Amino acid sequence: MRREHRLNALILGLVLAVPLWAWATSEPFTITLATRAVIFAIAGVGLNLALGTGGLVSLGHAAFFGIGGYAMGILASHAQTYTPLFEWPFVLEGTKSMPVIWLLAVAASALAALMIGALSLRTSGVYFIMITLAFGQMFYYFMISWPAYGGEDGLSIYVRNGFPGLNTLDPIQFFALSFAILCAVLYLVTRLRASAFGLALGAARQNEARTRAVGIDPYRVRLLAFTLSGAITGLAGALFADLNRFVSPVMFSWHTSGELIVFIILGGVGRLMGPVLGAALYVALEHHLGGLSDYWQIYFGAILLGVVLFARGGLIGLIVGRETAHD
Amino acid sequence: MTDTPVLELRNICKRFGAVVASNDVSLDLRPGEIHALIGPNGAGKSTLIAQIAGTLPSDAGQVMFEGRDVTGLDAVARARAGLGRTFQISSLAMEFTVLQNAVLGAVGQARTAFSLLRPVMKDRVLVAAAEAALEAVGLAEFRALRTDELSHGQRRQLEVAVALTLRPRAFLMDEPMAGLGMEGTAAMTGFLDTLRQRAPILLVEHDMDAVFRLADRISVLVYGEIVATGRPDEIRADAAVRSAYLGEATP
Amino acid sequence: MTFVLLVEQVLNGLQFGVMLFLMAAGLTLIFGVMGLINLAHGSLYMVGAFAAATVAGATGSFLLALAASLGAAALAGALVELTVIRRLYGRDHLDQVLATFALILIFSEGTRWLFGSFPLYLDIPPALSGPVALPFGIDYPRYRLALIGIGLAVAAALFLLISRTRLGIQIRAGEEDREMIAALGVDISKLYTLVFALGAALAGLAGALIGAIQSVQVGMGEPVLILAFVVIVIGGIGSIRGALVGAILVGLTDTLGRALLPVLFGLVMEPAAAMSAGASLASMAIYILMAAVLILRPRGLFGRA
Amino acid sequence: MKMKSLIAAAALAALAGTAQAEVKVGMITTLSGGGAGLGLDVRDGFLLALKQSGRDDIEMIIEDDQQKPDVAVQIADRMIQAEDVDVLTGIIWSNLAMAVVPGAVAQGKFYLSPNAGPSALAGKGCHPNYFNVAWQNDNLHEAAGAYANSAGYTNSFILAPNYPAGQDALTGYKRFYEGELSGELYTKLGQTDYAAEIAQIRASGADSVFFFLPGGMGISFLKQYADSGVDIPLIGPAFSFDQGILQAVGDAALGVVNTSQWAKDLDNPTNAAFVESFAAEYGRLPSLYASQGFDTANLMISALEKADVSDVEGFRAALKAADFASTRGDFAFGPNNHPIQNIYVREVIKEGDIYTNRTIGVAIENHADAYAAECGM
């Protein structure tokens, strides 16, 4: 346990140190890469709440990532053209303010997660994996063919949205903002995991009959976990859209859902910092392997395969050993 | 007042295809008593427990709990209504510590499963309730162990401890002595003897010594039907029971 | 929409469904016996199509091409089972999803490395090309009729294999109780390799048959894979009968949705908007079907509780 | 591997030559996955032109966008922030162009498009630093509509995938086509089975079918259409009849009429030399995309001859002059920096064992796009 704590601190320290070093040596692109890793990490931490702590293997979290992204895209594009989103029953104007966008991204993805979860959680196991995939695909095809916001072309936002007191166009400042959100999300998830809710969620994953027998309804516990998980992933989606200043239906594709799972498994399922380490490694590998060969995905596939087959418990598991019980 | 049953089954039926698992079963559990349910393997004891606990819906009949019809309630609602059960095969969160399992019961009892931010293992009230339950079954010194590191017998004890944390108004216990060994069985028997003061126990048990020592009344289930109900000495003397059941497992 | 057109669309849906069944049967068999989710099943479909295109290009014989697709896919399947898949039995579904996701990357880029980035050529054999006249004045492609026939024949053969042969008994025993068949003295690892290769061969055959009327290219397996998953989830995972029913249901829903929804929307909306909205809904139709089935029957139509 | 060696050669050459006046070009294109064929052709055409120019002061940085917009944006960020490139090029897909181009030109870089031409970048979103060397997305479809008129078709059935480029394609066709429509269909993006659509075409009583189904979708449609026995003539844009995929379609494509701004047999010396040298260098016939990559590089080189890339105004004016020998013959930029060029009508034929196209006429001469008026540049 202590070792995992130290490792967690080390990972977070590295994620902070690399862009700071890049800033000092004027390597803005490395900062952008680190920001990408941090945002993926937030999405992964969100999914890990459902997948790791709750045992809910969702292959449809791209839906929430995409909804968060489009919340940003839609609000900012309306602000860009000075047209309201709708005027009835009340006037909703577009906005270029990150806090407002985040609020709406979280609300919209939480609502979607609540509805998808309410239906999907009636199933379990492989069926759950597949029904979440189906919901993700529904959103994907809907966004491709819905012409109002660019369809498959997506939406470009020419200038990154603003945050009071910061210049978000400066890579290091936007990184700092993303990193602060990652820390806040990690803190929130730590609290959730240690709470009575976290205990009930873990119990529902390990033994559903036991959970029922103590008078806790696993369905409701899981639904809340799924909703919170979707909301966090949605927040990451809004940040991701701001990083790229662009959203497209690719955010909804099942490959995105797969990648989020990859982060978690690379790092370690159910580990607090698993998705952080996984996302950082993923971005680093993608960046360096891409330069090696046209066929770099073969190597990437082989590395993934190696981790699944030989590093059970992910890389954190490999380093600190089996997860021990903790009070 | 004392004669009003806490738990009452009225004409409960369950069939799986052609197999009749429980056929028109009626029995009751009165305050302060241990009512043992015995019968040969495959008689339908565990099915009946599942029907009472609400994990298995009945085809017909009613389950009354404290004068209330709970037939339509699911397992969660019945647990909340005050039915504390232990499972025949230990059913615990194996990755949790012993204490965490007990605290889980306390959380269920306190209905704080949706408390999101307070660290549950630092909640004095819940932890105290959990530790008291562990103390009662003799597991206090193992509180920090991972549950999958417990011996089989210790897991049975933990099952009972979790049921205790629920502060139920009736216990359903499915073979709490199984695999306990001589000493463990003796300790558990002594413990259950005092437990009936807190709430009556419907006890399914194979250990006949324990059953005849503890039970105020005994019901005998054969092929899903109750063939006899009575005081231990009545059951010992009952001809139907002797032929159907006690022939193969003499007390 | 005329009656003739409707009949033709139903035939189209049936043919699409039967092809999906070939994919889904292997997938559901592998899940039923080994409890494995295989995302790389679409890659085996691609392997079959590429093998068929290569052999057809070299020999000009469609039958040899089909044989090559069966052989190559079965071989690839057996190889993957021996090296990777057998380490995944008994792992949780999450590990299986990720490992087979990695296999997709390796298969896709490996195929591109071997065959290049351009689609390959594979055509319908001359004997089966062109339309054939059916009753009610329907002209229907001969090859598509043949596909329906082949698919149903494979389905029948599969049912016979499972219900009548020694291998079938072992497969069914494997679905019921894994320890049991080991105790019966069946070489379980050989059985697993065999079942995996059989599933792979079916996928390869589907790839070759479909490749002749579609595009043989890298990544061709993925859309089909997702559809095959939809099929087996609707049918109930592990059930061959469920896969057949699910496949035909999905085939009909997709085809008739594409044909009818824009027309239906046209009744209440202006044509251009109806076209777009109808097409959007049609592209989501099978996912809506799947969600609806799972909400009503959380283990699919023929799934075991 | 070839890419590596070419880049290495370019880099070495750059080192050997004068370090002065070095130009850095960032190419973001699709080199992996199902759409890699297009990116490879653009890249190879581009590199061929560089090689033939003999210039040793152009440094190429080539990256694979995996056909994912977020990856393309990330690569563009790196090329701009870390590599400090002068010119960006290479993107194949409209949605990736929409993600990258506005940001790149806003940061003062030049972008030369070798393939995608979304309407948003031709109209309101036009930019002085953005030059399209291929076509505006609607162009080939508009030409198909014009061809349908001249061929005497009066009752077309039209279909395209349900996504913006598909909607633009049908709009583009209808903009020039004057006859009636017997049917209009949107299919699913990535769809591979067209039995249902072909049945509707058969029942529609149309005299012509216009379709826009890029990549594998077109291959599937053509094979299934040929096999269905429906003999209504097909018209399409060149994308489904390109050198790279014709071999996979085979006989099913023979005789089909398609519209293109380029063809292998266009009679001009630049094109003849290009076709011959491309085949010699890479061992395959060039495609439409290869010709676009080749033209893009030559446009850039022609501008470099006139002005240093650091002289932004001068370089921009030199690009705008389009003073280079195009494989398409006459080529000029309109007010929105999009091409004014002939769109030809081609027919698919078989030359020996190879399927290819033969030019049979001109669909529209000196065609510009419909969005130039919206461009406030």
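Think of it as A, B, C and D in the order they're written, each chain with its own count starting at 1.
Convention: a residue touches a chain if its C-beta (ideal position, glycine included) is under 8 Å from a C-beta of that chain, and two chains touch if they have at least 3 such contacts.
Here the structure is a predicted model, which means the values were calculated and not measured.
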A-D or A-B, whichever has more C-beta pairs in contact: A-B
Farthest-lying chain, centroid of Cα atoms versus that of subunit B: D
Centre distance in Å when subunit C and subunit D are each reduced to the mean of their C-alpha atoms: 35
Subunit A and subunit B, separation of their C-alpha mean positions in angstrom: 44
Where subunit B and subunit D are represented by their mean Cα positions, the distance between them in whole Å: 75
Multi-chain contact sites of subunit D, meaning residues that touch two or more partners: 32, 36, 162, 167, 186, 188-189
Subunit A, residues touching no fewer than two other chains: 141, 144-145, 147, 295-297
Residues of subunit A defined as touching subunit B within the complex: 191-192, 194-200, 202-203, 206-207, 209-217, 220-221, 224, 323-327
Subunit A to subunit C touching residues, read off their complex: 51, 57, 59, 119-120, 122-127, 129-131, 133-135, 137-138, 141-142, 144-147, 254, 258, 261-262, 265, 269, 295-298, 300-302, 304-305, 308-309, 312
Residues on subunit B engaged by subunit A in the complex (per definition of touch): 53, 55, 74-77, 79-80, 84-85, 87, 91-97, 99-100, 103-105, 107-109, 111-121, 123, 126, 144-147, 162, 165-166
Complex contact set, residues of subunit C against subunit A: 31, 37, 84, 87-88, 93-95, 97-99, 101-106, 108-110, 112-113, 226, 229-230, 233, 237, 276, 279-280, 283-284, 287-288, 290-291, 294-295, 298-300, 303
Interfacial residue positions of subunit A with respect to subunit D in the complex: 27-30, 32-33, 36, 141, 144-145, 147, 150-154, 156, 158, 171, 240, 244-246, 248, 250-251, 290, 294-297
